[in-house]
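Sharing a structure here in structure tokens format.
A, B, C and D are the chain letters, set down in written order, and residue numbers restart from 1 in every chain.
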Amino acid sequence: MTLMLPAGGGVVVQGITGRESRFWTERMLSAGARIVAGVTPGKEGEVVHGVPVYHTVQRARRRHPAEVAVILVPAAFAKEAALEALEAGMQLVVWLTDGVPVQDVMAVVGEARARRASVVGPNTPGLAVPGHTMLGFVPVWLDQVWRPGCVGLMSRSGTLSNEVASHIVAAGYGVSTFVGCGGDPVVGTRFVDLLPQFEQDPATRAVVLVGEVGGSMEEEAAGWILRRGYAKPVVAYIAGRTAPEGKRMGHAGAIIAGSTGKAVSKEEVLRAAGVQVAEVPAAVGGLLQGVLQ
Amino acid sequence: MTLMLPAGGGVVVQGITGRESRFWTERMLSAGARIVAGVTPGKEGEVVHGVPVYHTVQRARRRHPAEVAVILVPAAFAKEAALEALEAGMQLVVWLTDGVPVQDVMAVVGEARARRASVVGPNTPGLAVPGHTMLGFVPVWLDQVWRPGCVGLMSRSGTLSNEVASHIVAAGYGVSTFVGCGGDPVVGTRFVDLLPQFEQDPATRAVVLVGEVGGSMEEEAAGWILRRGYAKPVVAYIAGRTAPEGKRMGHAGAIIAGSTGKAVSKEEVLRAAGVQVAEVPAAVGGLLQGVLQ
Amino acid sequence: MKLFEWEAKAVFREHGLPVPRGRVVKDPEEAAAVAQELGRPVVVKAQVLSGGRGKAGGINFAGDPAAAQAAAARLLGMMLAGEPVRSVLVEERLDIAREFYLSVTIDPALPAPVLMVSGAGGIDIEKQAATTPQLVFTQPVEIARGLQGFQVWNLLADAGLPPAAMHQGVTVATELFRLFRQRDAELAEINPLALTTAGSLVAADAKLIINDNALFRQPWVPRTRAHFDHDLEYEAAQHGLNYVKLSGSIGLLCTGAGLSLATLDLVAREGARAANFLESGGANYRNAYHGLRLVLGDPEVKVLLINTFGLVSRADVICRGLADALKELGTVKPVVAAIRGTGEEEARRIFWEELGIASCPDTESAVRKAVKMAREAQ
Amino acid sequence: MKLFEWEAKAVFREHGLPVPRGRVVKDPEEAAAVAQELGRPVVVKAQVLSGGRGKAGGINFAGDPAAAQAAAARLLGMMLAGEPVRSVLVEERLDIAREFYLSVTIDPALPAPVLMVSGAGGIDIEKQAATTPQLVFTQPVEIARGLQGFQVWNLLADAGLPPAAMHQGVTVATELFRLFRQRDAELAEINPLALTTAGSLVAADAKLIINDNALFRQPWVPRTRAHFDHDLEYEAAQHGLNYVKLSGSIGLLCTGAGLSLATLDLVAREGARAANFLESGGANYRNAYHGLRLVLGDPEVKVLLINTFGLVSRADVICRGLADALKELGTVKPVVAAIRGTGEEEARRIFWEELGIASCPDTESAVRKAVKMAREAQ
């Protein structure tokens, strides 16, 4: 199986009966996701796009082997849903919910660590292997934007990932696996968690990192590469060079405080680690052509 | 090292500065216990019978390697003290405190399981290896009562253990290791946890189990022996044949409810498992002579 | 500490758990008044702590206030399993479609709290667990983590709670667990949990036992005379002593519960009966004094048997306290003693020199001597 | 959501944390009255959200009510780091023997809350952590387990809190952590934590930031105009929008924070400046309406640039909302759009057929077009 996705790979969608959830369930199914069951407490027995619904993840799992949970429940209930998935033994939780209180995120990621499970998100567009599967909100069916290929893509942003993916495709490449880390300051999977996975993934020849102002995920990644070396070329683009200091810019993670977290300083440490840094999203394509010759 | 006691075996006494604690610290030291430090928050720098006192177990452990915590703090603070010992990495917690709320006991034993550490007690007289060490309130210096020997002794009661030990000594034997499981309904170490340890202990030739009315620790032990067999002879005495039903008799564990927990039914299942059952404490000596010929 | 049904239901109400409307009363006129207020058929339930109340006739239905008054008159003052009915609970009679069982209790072997549900309510759960275990569903709860919502969903769905009642069922079970934790309960039980014909869940009965060790942090727990079987047991509780009244002539004062139980058995083996079980908690003088006062205050006691094996409580400290208390109480009843443990020489010296009592060498000889003296005293 | 010092101290007080006596006032006479009430030297502190207040002269000592009044008169209405001083906090001046630093914050890399203590208070903790890390002591806390008492003891002892202050220090740190958890804080900071000459600890300053995502369950959090830098930002917050006022001529409405940031950068690269950052949270019509109203309501805006890459929010749904809102608002300002994402054909059709706006093929071309039009409009 591919990067981040456990073998077997049956998927349970939590909060499947919501209006938007139904839409995205259908999209995920048609993008290849093996959704075997849905969960909404009180709705056991319903069926959504052919997917049977259960009260709880555990009950779903009794009937349908599954290792991946996709969470589409509202922020107020998102912590409990994620803990339920972990408790039920899920190995990967794709936590799509936006607006989760940060202390709830810490509680869930702490629990996942204790169980050696992975959490992607929250506030993530999800992950995708174009041509193979998609868990989240990634429009892999737009073929000007997403195509299968050899570039591993990881990003803190959703829409900007599409923008960058479209430039990867325009440059003649495609994406091996895309993982949206999520826009919150605390997330379950950080760039440093993904770097070794992309390095080992035979389908990936180069990695594109899409960062933004605020936080320290890019600095961590640069530090990790610098200490350890990296077997594949890495290209980065960092949004928010012109963002004013001390203001929250959309993503809760995107606040610059003091000298850390500025876009230009992130670019500097990435360059020092040998990463090719694109000044605009469109430049990612050219840099990839350079490193993949 | 001997049964239940981790190698190295440095001991930290929590709550060492109390009046009774000072008395028992001195007794434990003279009975051979390797007490390397004491803990009382706010009393760091004091010295009790030559033992240096620290604010916390962790601070004590930075200076003095230790694997065993003996807890002598009052019930209201006993849970936090036990969790502190486990968190600091102690492998064995001898929880002497009496009157600990049962939900606190469950929390601590749950934590110990998660950390693969052992808890003896609460509400226990502790444990003793006569002639070698003593952690708790066992008067090993009374040589009509406690002598080194080949009999493993485990009990739910304190004073009754002395009574039985004196009959073991009167019959010409001594005790290899004594473990007081504690008189509460929920305890960290049950008879079934000790049986395999006594079986493997080369110093132990026979095991004496001192039970009482209420709970199901004796039934569990009998069931375990019946399923698995046992390589050493076992002698039991059960107190409380004549206790009225439905009343709490001292030990919180000693309530008979329905058909389970009665002293006579405990005796029956133990006999069915091949255990020699003494009708009075004094009969333990004779039964031991029988099985140890 | 076991609570009366009406007390348990008051706690349930504070936690927002659904209980029938009604009130506890102490006389038949009040029972009629409550029935009048409720304006519908009622159930009149004897308030006793012992089990098996229903079979013994302690639960009566009444269609109108007059019938409620008659039922209350019949129950009040009646003895149920040796316990006087001091009050009755008058509640609206529920229209029950189906009964469930729901409880939180402790499994000492795990150890952990366990949420337990059965689709067959109003039954003896222990019997059911033994005979039809497939109908009893349990969920152990890790204390550090707490009860998770999905665990409750799983359990209730497995137990066959109808889909329409699931949301309320989850709320009820979750709150029952919270109550169990916050109140330091050993048992919080709803049996039966009634599903009414209107589709809602109501706790038709309520049982709550609070852990004695936690009473220091649960000051709300009632401890009236009615919560004890005997005046002496009630008085003992005021002094933090665990005293159980038995019917015999040998008053017992032993150190440690195990040794006390064994001594009790040995007395019975000698063909006599002990007057009490008493575990004298600590070593201090006031404990010794109150313990002795209780034992000697029982008119059935002919002989006092003291059996110590000083451990946490040292023999010398215990015997110092006992000697002082005996002198203060100035008893004329004979005393037999077996004194052993840490500080035993000093302890024996005190008893001999100050009271003229010689210690027996062991429990057996002391028991035999006490039984002999009790026979002679009769 | 960042709170003012006086608001944070009010929360601290509710949690029993020691704060100086005093009150927040809005005019100089009141400041004098508070100083009079306190009856001792005071400190008059400008209440602003931005940092560096002390260096900028925002903290004044006053020996008597007249001096307090004068200090308040000087501060009130003053600008500190671009922020008007709307109120001052008048507090008793502490006799400080030593200063400590104490906070609970989040380490996103662990991730976990971290209790942080330093024996040198009143300092820039980030600078200290960088230059003298051996003076900064940290204890990460597992959320599931909570902060343990002994962890606090360890930390405070390591940081060199004097033995006599340990018990109070443990209480303060434990309660600060509880506050952090119960209030959904991102930061709860006491800097300095003053040890007075009388030996007690007092929170001389207080900083509290509440996590925006948790505001739905923290209804007490104040969100007045004073908490925002600009009228438009305050208004945006009323509608749940994250709007940041910038000083430029191109109004931005983009989907997603990342694309918004990238568009901002591209506008700057073209030598122009954006008038705002706006992340239009959701797809619904009211969001689109309020977002557009804010952007177009800014008189500096010459051109509106719409850049979508419909994702969670589908392009067709977003554009339907935008088109309706544009018609309702009836703007005369020129509009440039780049429309991509799920449902993009339908989205482009709506814009073209209903508004006569043709979508640009990509972000770059849309930005260039908008910058050109903005220049022409000046």
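Keep this in mind: a residue touches a chain if its C-beta (ideal position, glycine included) is under 8 Å from a C-beta of that chain, and two chains touch if they have at least 3 such contacts.
Here the structure is a predicted model, which is why all the values come from computation and not from measurement.
Where contacts are defined as at the top, ignoring subunit C still yields one piece in which all remaining chains are linked. By residue number, over half of the contacts seen at B-D repeat in one listed pair from B-C, A-C or A-D, namely A-C.
Distance from the subunit A centre to the subunit D centre is 27 Å, each centre being the mean of its Cα atoms.
Work out the mean CA point of subunit C and of subunit D, and you get 56 Å between them. Averaged C-alpha coordinates put the centre of subunit A at 52 Å from the centre of subunit B. Counting partners per residue, subunit D has 144 as the residues that reach two or more other chains. Among all residues of subunit B, none touch two or more other chains.
The touch graph of these protein chains has some other shape, matching none of line, ring, star or complete. Every pair of chains that touch is listed here: A-C, A-D, B-C, B-D, C-D. If you check the complex, the residues on subunit A that touch subunit D are 20, 27, 75-76, 96, 98-103, 105-107, 109-111, 114, 125, 137-139, 141-142, 145, 155-163, 166, 183-187, 190, 210, 212-213, 215-216, 220, 237, 239-244, 246-254, 258, 263, 279-282.
Residue ranges on subunit D touching subunit A, taken from their complex, read 50, 106, 108-109, 111-113, 126, 142-144, 181, 184, 186, 211-214, 216-217, 229, 242, 244, 246, 254-262, 264-269, 277, 279, 308-312, 340-342, 344, 362-364. Across the interface of their complex, subunit A is touched by residues 148-151, 153-154, 157, 163, 166-167, 170 of subunit C.
Residues 144-145 of subunit C touch subunit D in their complex.
Partner subunit C is touched in their complex by these residues of subunit A: 41-42, 44-45, 55-59, 80, 83-84, 87-88.
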